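Each in C-alpha cells, the structures are laid out below.
Heads up, the next two complexes both have chain A, just with different partners, chain B and then chain C.
Here is the complex of A and B:
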C-alpha cells in the first residue's frame, strides 16, 4: 500500500513536471525569449546600475520638479481610491448576500464589479485616452474603474464576513433596513474597509506610475522623460522618491491597521 | 518630535471633548483610540481628495464634453468591435504570446521564490537571514514593475527578456512573502522530530515542508499567474514586450481605432475572467 502510494506520487509529479516543461518550451518559442540573455542580463544590469544608475549632484537640482510630479501621482491615487470607495460602499451594500435588497440587482452589481476589475488598468487608460487625451483625468478614471471593481468585491466579502449575525439579530428585533445598515453593518465593517482602502492607495501609486508613462502625466511621465533622454542619474532619483513614498504610505497604513483592527 | 507633541495634545483634546459630550448628552458609544484614528484617516483622505481635484493637470479638458465623448465612443468600441490591422489568427497568437510571458515570469519567479521563501521562513532559517530577505523583498515591491522592466531593458534591450526578468522581480517579492508564510504554518513538532532522527536541512525541506504545503504553494502561484497576466498586458503596452498589450497600444495610441480597441479589450477580458474563475475554483478546493 505504502509503495503503491509512493509510485503514484512519483507518477503524478512526473506528469506535472513534463507538462511544465512543455509549456516552458512553448512559451520560450512564442515569446522569442533568449534564455542565455535572460541569465546574463541580470549581472549586466547590476554592473550597469552601479556605474550609471545613482543620483548625482546634477540630478539633485531636479528634485523640485520630481516632487511636483510625485505629488500629482500621490493625489491621483488617493483621490481615485477615496471616490471609488464611496461608490463601492453603495454597490457592496446592494450586492452582498447579507444586505442586498434584490437578488437580480446583486447579480448585476457582481457582474459589473467583475467586468471593471478584469479589464486591466492599461486597457482602461487606452479606452479613455480617446476622449480625455493626455490629461490627469485619463489616469484618474482608469484607476477609478479598476479600484471600484476591486473594492466592491472586497467590501462585499467584508460585509458578509463581519455582520451576518448582527444583521439577523437586528432583523429579529424589528430594526428597519437603514437602522441595520448604519448601526450594525457600517460600524462593524469599517475597520476592514479602511484597511482595504489603504491597500488600494498603495497599489494605485504603482499603477499610476504605469499609467503615467502611457498618458504622459505624473511621476511615470517624468521617469520616462529622463529615461528616454539617457539622464539615468535623474531617473534613479525618481525611483528613490517612489520607494520613499511607498514606504511612507506602508508605514502609515501599518500604523492605522494596528490601531483599528 | 514636535509633531508627536502636537498630536498628543490633539488626542487629549479629543478625549476631553468626547468625555464632556458623554456627560452632556449621555452618549452610549464611547470614543476610543481606534475610532478616532478611523475618523482622522477618513477625514484626511477626503481632504486630500478635494485638494487633489484642484491641483490636477486638466490640460483644458472639459469634463462634461469628455464624458459625453467617452459614452459615444463606447458604442462603436464595444458594440461594433472588429479587426482592422490584423486578423483573428494574429490576435489569438498575440494572446498566446502574452500568456507565454506570464508563464515564464511565474515559473522563474516561483522557482527563485521557493528557495528564498525557505530562507525567509523563520522556522527553517535564522532570524537575521529571514529579516534580510524580508527587507529586500519590501524594497523590490516598492518599485513599480514597469520601472524594473525599463531598468533591465537598458542591459537587455526592449523585448521579452527585459519584460520577463523585470516582472520576475515583483513576482519573487510577492511569492516569497506568500510561500514563507505557508512554511511558517508547518507544525514545529514535525521539524523537531525529523531533526531528532538525524535528518538534514534538505531532507526536512523535501520530505516534510514542501509536501505538506504544496497545495498552498500552487494556489498562491496561480493567483500570481493571474496578476502577472495583467502585468504582461501592461508591459506589452508600456515597455515594448509584445503580445496583445502591444496591439492595444498601437490600436489606441497610433491608429486611433475605436473598434479594434474594443475587440482587443474583449480578448483580454475573456482570458482574465477565465483565469479568475479557475482561481476561485482552486481557492475553494484548497482553503
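Here is the complex of A and C:
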C-alpha cells in the first residue's frame, strides 16, 4: 500500500516536471530569449554596478531630500496599513465562520476580500491613476485596497483558528454576541492580528517604493528621477536607504512580535 | 420528576446525513447518565441539540418544563445559563488566566456592557475562588490557561460551567484527550458534582468501562438511534449491540488490509 503510494507520487512529480520543462522551452521560444546571452550578461552587470552604482561624496548632499521622501513613503505605508486593518477587523468579524451574523454577508465579504487581494498593487495603482492622477492619494488607495483584501482574509483565518472553540463555550454559557467578541475573540486573536498588520507594513514599504515610481511620489519617485538622469551614485544611495529602512522595520516588528506573542 | 425530556428528536445534515433519527428519552433530576456509541453515532449532535448549539430538524426538547425550541433568542440565552457545557478540547480562552476563564461562566447573567468590560461583582469573584478551590486549582488562579496541563484545563472548564449555577451539565467526551489517571480525577469530580450538588449530568463517553463505573444509567446510540436505555451493567451482547457496526467495520478494515 505504501510503496504503491510512493510510486504514484513519483509518477506525478515526473509528469509535473515534464510539463514544467515544456512550458519553459515554449516561453524561451515565444519570447526569443537568448539563454546563453542571458547568463553571460550577469558578470557584465556586476562589473557595471561596481563601477557606477555606489554612493560617493557628492551624493551625500542628497541625504536630506532622500530622507524627506523616505519619510513620506514610510508614513504612506503605515497609514494605509493601519486604516485598512481597522476596516479589515470589521469585515473579518462578519466574514469569519465563527463570528458571522449572516451567511450571505459572509460569502460576500469573502468574495470581495479575495478579489481585492488578488489584484496586484501595481494594477490597483494604474486603475486609480485615472481617478486621482499622479498623487500620493493614488498610492495610498492602491496599498489600502490590497491590504484590506489581504488582512480581511488573514484576520478571518486567525479568528476561526484561534477562537472557534472558546466562542462555542461562551455561546453555550449564554453570553451575547458582543460579550463573546470582547471576552473570547479579541483576546485570542489580537496578537496574531497585530503580527499580520506588522507583516503588511513591511510588505507595503516595499510596494510603496514600486508604486511611487508609477505615481511620482515618495522614495520610488526620487530613485526613478536620479536613475533616469544618470545620477547613479545618488540612486544607489536611495537603494541603501530603502534596504536600511526595510531591515529596521523588520527588526522593530520582530521585537514587537516577541513581546506580544 | 423529569428535568429533561426528549421527544422524537431528529437531526438531518444536508440531504443525506441523518445524524439523529427519532430519539426519545427522559432524564430525572440528579441522574448521572452516560451516552455511549461508536464515533459518528450522533452523540455530539444529540448534546448540542439540547441547548440548541445545533438546531434539530424536528422534535421537542423539554428542559425544566420549557420547550427549548419555543424560545426566542433572549430566552434561549437565559436557558443556556442553566445548562453548563464541558468539551473534549476544554474550549478555554487560552491567553487569559484561570480566574478570567472561570468568570466567563457568569456572562449569561450580565448586561452586555458589564460583560464586554469584564466587570464582575465581589460575590461572583468570591464564588469563583470557592469553586476553583474545590477543584484544586488554587495555585493556578492567575496562571494563563496555555500554561496548564490537560487535566487542569478540564478542571477550569468544569469550574466555568459550575459558576453558572446550572441545573444540568452536558459533557461531550470530557476525558477523550486525557490519560487514564487524569481521566479518573475528572470523572470523580463530575460524579461528585452530581451526588453532592444534585446537578444532573449527561456525559458522552467513548470508554464503556468508565460509563459502566460511574453512571446511574446508560444510553447507547448507534447510527442516530437509541439502541439501549437502561442500567449501567452491560452484558457483552449489549455492548456488541451498541458498537455493532463499528466492530463490523473494524473487521472489514482488517480484511481489506490483508487482501491488498
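A few comments on the model shown:
In the analysis below, the second predicted complex is superposed on the first by the 244 of 261 C-alpha atoms of A that agree within 3 Å, B and C clash if a C-alpha of one lies under 4 Å from a C-alpha of the other, contacts with A are read in each partner's own complex, and residues count from 1 in each chain.
One rule holds for everything that comes next: a contact is a pair of C-beta atoms (placed from the backbone, for glycine too) under 8 Å apart; a residue touches a chain by one contact, two chains touch by 3 or more.
Nothing here was measured: the structure is a model prediction, and the numbers come from that model.
When the two structures are aligned on the shared chain, A:191 is found in touch with chain B and with chain C. Judged by the touch definition given at the top, the superposed model places A:170 against chain C, while chain B stays out of reach.
With both structures placed on the common chain, the touch criterion links A:178 to chain C but leaves chain B unconnected. Of the two partner chains placed by the overlay, neither chain B nor chain C lies in contact with A:113. In the superposition on chain A, A:154 makes contact with neither chain B nor chain C. In the superposition on chain A, A:136 makes contact with chain B only, while chain C stays out of contact range. Counted by residues of chain A touched, the larger count belongs to B, out of chain B and chain C. Taken together, the two structures place residues 191 of chain A in contact with chain B in one case and with chain C in the other. The touching residues of chain A, counted against chain B in their complex, run 20, 23-24, 26-28, 30-34, 37-38, 41-42, 44-45, 48-49, 53, 71-72, 75-76, 78-79, 81-83, 114-115, 118-123, 126-137, 140, 190-191, 194, 197-198, 205-207, 209-210, 213-214, 217, 220, 223-224, 227, 232, 239, 242-243, 246-247, 250, 256, 259-260. Across the complex, chain A is touched by residues 51, 53, 77-81, 83-85, 87, 89-96, 104-105, 107-110, 112, 115-118, 157, 160-161, 164, 170, 257, 260 of chain C.
Interface of chain B with chain A (complex): residues 33-34, 37-38, 41-42, 45-46, 48-49, 51-53, 55-61, 63, 66-67, 69-70, 73, 77, 93, 96-97, 99-101, 103-104, 107-108, 138-139, 141-147, 150-152, 154-156, 159-162, 164-165, 230, 233-234, 237-238, 242-243, 245, 248-249, 251-253, 256, 258, 261, 264-265, 268-269, 272-273, 276.
Those residues of chain A that touch chain C in the shared complex are 1, 163, 165-166, 168-176, 178-179, 181-184, 187-188, 191.
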